[in-house]
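These are the structures in question, set out in turn.
Two complexes are shown next, each including chain A; its partner changes from chain B in the first to chain C in the second.
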Partner chain A sequence: MLRVQGLTSQFRGRAGVVRAIDDVSFEVPAGEAVGIVGETGSGKSVTIRSILGLLPSYGRVVAGSAEFEGEDLIKLSRTRLREIRGARIGFVAQNPFGALNPVLSIEKQFRNVMRAHRRMSRAELHDLAIERLTAVQVRGPERVLRGYAHELSGGMAQRVVIALAMLHDPPLVIADEPTTALDVTVQRQILDLIDSQVKQGGRSLLLVTHDLGVVAQYCHRVVVMKSGRVVETGLVADVFTNPTHEYTKQLLDAVPPAPWAQEAPGLTEQAVTSR
Partner chain B sequence: MSDAAAIPKSPAAEVVTKIVNFARVSPGIVAGVAVLLFLLLASFLAPLPYDPVTPDPTSVLQPPSAQHIFGTDANGFDVFSRVVAAGRSDLPLALAGTLASLVIGLLVGLPLSVKSKWSEGFMRALDAFQSFPLIVLSVTIVSLTGNDIQNILYAIVIINGPRFIRLIRSEALAIREARFIEAAIATGARPRRVMFRHIMPNVIDVCLVQCSLTTANAVIVIAALNFLGIGVSPPTPTWGSMVQVGAQAISTGQWWIAIWPGVAIFIAIASLNMLANGIQRRVEGS
Partner chain C sequence: MSIMELRDVNHVFRRGGKEVHAVNGVSLSVAKGETVAVIGESGSGKSTLGRIALGLITPTSGSVVFDGIELTALSRKQMRPLRSRLQVVFQEPYESLNPRLKVGDIIAEPLIIHRPELSRAERREKVVAMLERVGLTAEHADRLPRNLSGGQQQRIGIARAIITEPELVILDEPTSSLDVSVRARVLDLLRDLQRERGISYVFISHDLATVGLISDRVAVMYLGTVVEQGPTQEVLTNPRHPYTQALMSATLSTVVGQKREHVPLRGEIPNPSKKPTKCVLSGRCPIEVDACSSWQVRLAQVADRHEVACMRVEQEQKQPVELGGGR
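Coming up: the complex of A and B.
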């Protein structure tokens, strides 16, 4: 589905050129969920922004490829990349309030996302928006559509963002720390929601997070990043039970034992007890 | 509160309640709009006691009286009729000039918010252009291109277009950095779509403030040009040309000819500034 190879990105700064990610390689197989974990500043966000062509003007991908459905996203023309973004790859941003336009009604934003790729009558789109909002468990979708982002709670806003990201039924969803800006109480609901939406459509998921528990619970594979490099990658079960890299071990040791980790499908009993 | 809501109201009463509530929050906007509407309606609909373009040679330089409440000028024109009728050309022209400046500001300013060498260069060129005294520039242009009402429109755009471009570009530069613009790009929106569907709605509020200030400025520019005798043919009443005619009579004691059009200009500008101030407060409050 998505194969990233040797991806290297640089930023021009006052202090010269900074290499933010270096030789990043991993793979997202079709229908699987892959988690990228790492501490703040390890290059998780830069990696996905490089893949999506969303680096700021002073950033640039200098090497590597990101092959998606047979095309290299890095080398694609802007026009072709635009056709893929949103339609074939859905993006869920970190902070839902940042991701929603403050001065446009939610319905207008559905319209904008739809019209970026496809024409649809207002009435049809309205019905579709209601349907999609209901699917992400937004209560009172009619009222939400008429309203604005600031009227929503964090959890509701992120549900709207997820519904928008899924509007074109993209086969790949990229989520950049989708729950970091939310209350702990709704984090799990949102993750469950993304998980079910991805599974229902048989989609692939690239989930960026710094929470190993989340990776254990929702992902098949894990990519561990540190200082812009991939230090370890593999199946969650393997990496968590037999971490080969010192940094992965440290990360795993840093996780406090959580009771719900025991129901994590990616982990064997042994992995939980060995910690 | 709940009792008041329970009483059924006629639609008209509801509108009145809404306006009253709005006036409580933003008195400036309501007052400014009311005065402007009054000026516009008066100039187009009010019955005039005398024909503003037909002089009466038998009553020249009459002080204000029951017959001529604002007096008459040296040609025998009724000042009141002319002050009211001048709003017909001055106000729509000011509004049209503002609208044209806004459209140019959006069409040029939004694309310029994309950082590039080209856009930086354009802004420096705009700096150079704006460093001219623009009123002098527009006087030159209008007098070179001919005494035409259209040319006054160009003069307003020459002066105010760059201001809109600058304002809209700087606002758009800030909004372009917002996460929701990145999110919009991530949905595959084309740059033009991002500009006009995602960024533009976010700059409209500051544009409104600038619009009312620009209209006030346009009223002054029109008056200044007319005062200099540019853009109008003599019998047509305009506030600027009336002040000019009246100014010559002040030294001989006929103060009323220049004062009344001056008061009209003042009222128009004061109401527009009140409006701008009111919108500004709302924008900042939100």
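Coming up: the complex of A and C.
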């Protein structure tokens, strides 16, 4: 579905040119969910922004390719890339309030996203928007459509973003830390929602996260990144149970077990020194 | 012997005619050398509670006793000598450090205020010793905070808090903004310091997994109310309140295939503008029955020192046979 090879991007800054990602390669097979995991500065966000042509003005891709449906996204013109983004690749960002326009009604934003790729009458679009909002479990979709982003809770806003990202039924969905800005009890609802939306449509998912638990529970494959490079990649079942790279081991060891899986919570010293 | 005792603390913020009931009837005690975790999501009132414990906010009602002294009765001036004994570490290390001061001056500042008798050389000596204690070196004293990593910045926040040798430190999400690999080492440092110096901690967090590693006791807050509290081990292995169960199940394991059944809550945290007159989880709770809406929230004991504020649990406790359905 998506094949990234040797992707290398640089940023120009006061200190000269910095290589943000270096020789990044991985694949997202059709119908699978792939997680890119890494800590701050590992290059996981730069990777997807390079793929989507969304790097800031001082950054650029200097080498590599990202093959999607027979085209190299890196070589495409801005116009062609814009045709693909939204229509063939859905994008869910970390902060739903950054993704939604604060001064346009939600309905207007559905209209804009639709019109970017397809013609549809207002009445038809209205019905479709209601249907899609209902599918992502937005309560009172009529009221939400008339309203604005600031009237929504974080979880509801992210549901709206997901509905917009899925509006054109893209075969590939890219999500950048989609639950990091949300409250703990809402996070899992949103992950379950993305998971079901992706599975129902037979789509592929590329999910960027710093949370190894999210990868363990929602992804087939994992790409572990550190300092702009891929250190390990493979099936989650293999990598998480038998990490070959020292860094992957360290990362997995650093995460405390889920509270319900801690053998003796509260017995702090044993818990830590045994690692 | 407890170092801090909160009794029936309530706090209402009033702004522009609107009320926010941030803390409702919370009682909490912290023993010497103990770590009590306060768990909750954003809007649960956990940070407000921390500020009340620090004497930064005077609660609307209730009592806050630190080492036998009622803080709510003190003026700012009377409060000042206590500040060296009662310190805080904030979530965002960089935001809480003065960007224009060198690291050495940041750590020395509390000494200038609380230990004016120290000479410049003595102060420097203490600062260097403290830097080394938190895993940095004397060279870091001349750097600016922005030239350090997040983990190093948080070590400076910790050094600044403990240089006055406080008896109680409020840790407000001290590791939440740090990467996992850094987080574990900062927790280790906090634990070592506690063991050496017998400091008590109030550890404010939204992350039950971290709390399991560091705390002796835990209080779970929701909408300004403590819904469950008890020894950490007991609460985490046998959570009884549906909200605690939901929080627990929301943490994903990194072990593939190791899943916990999701206890979903409906919707999201409501606006805390009204004082709750019924169970705080009402409307979101998976085991709610009609009677819950007229139930006055109260903690009831379910096991040794383990208390839960849920009508269903309370009833189950009294007559275990009748209630098969719940969960």
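Going forward, the second predicted complex is superposed on the first by the 258 of 275 C-alpha atoms of A that agree within 3 Å, B and C clash if a C-alpha of one lies under 4 Å from a C-alpha of the other, contacts with A are read in each partner's own complex, and residues count from 1 in each chain.
Quick note on the criterion: contacts are C-beta pairs under 8 Å (C-beta built on N, C-alpha and C of every residue); 3 or more make two chains touch, one makes a residue touch a chain.
Remember, it's a predicted structure, so these values are computed and weren't measured experimentally.
**Q** First (chain B), second (chain C), both or neither: which does A:G213 touch?
**A** In the superposition, A:G213 touches chain C alone.
**Q** May I ask you to decide whether A:L251 touches chain B, chain C, both, or neither, giving the answer as first, second, both or neither?
**A** second
**Q** Based on the superposed arrangement, let me know which partner A:D192 touches: chain B (first), chain C (second), both, or neither?
**A** Second partner only.
**Q** Between chain B (first) and chain C (second), which, if any, makes contact with A:V184: first, second, both or neither?
**A** A:V184: touches chain C, not chain B.
**Q** After superposition on the shared chain, which partner residues are touched by A:S121: those of chain B (first), chain C (second), both, or neither?
**A** Touch status of A:S121: no partner.
**Q** Applying the document's definition of touching, compare chain B and chain C: which contacts more of chain A?
**A** Chain A has more residues touched by C than by the other partner.
**Q** Once the complexes are superposed, what residues of chain A are shared between the chain B interface and the chain C interface?
**A** Common to the two interfaces on chain A: nothing.
**Q** Please output the residues of chain A touching chain B within their complex, sorted ascending.
**A** Of all residues in chain A, those touching chain B are 52, 54, 57, 82-87, 91, 93-95, 98-104, 112-113, 115-117, 161, 164.
**Q** In their shared complex, at which residues does chain C touch chain A?
**A** 41-42, 150, 179-181, 183-184, 187-188, 191, 206-216, 231-234, 236-237, 246-260, 262, 264-265, 267-269
**Q** Spell out the part of chain B that touches chain A in their complex, as residue ranges.
**A** 115, 178-180, 182-190, 193, 197-198, 201-202, 204-205
**Q** Using the touch rule from the top, collect the residues of chain A that touch chain C in their complex.
**A** 39-40, 139, 153-156, 183-189, 192, 210-217, 236-237, 240-241, 250-252, 254-262, 264-269, 271-272, 275
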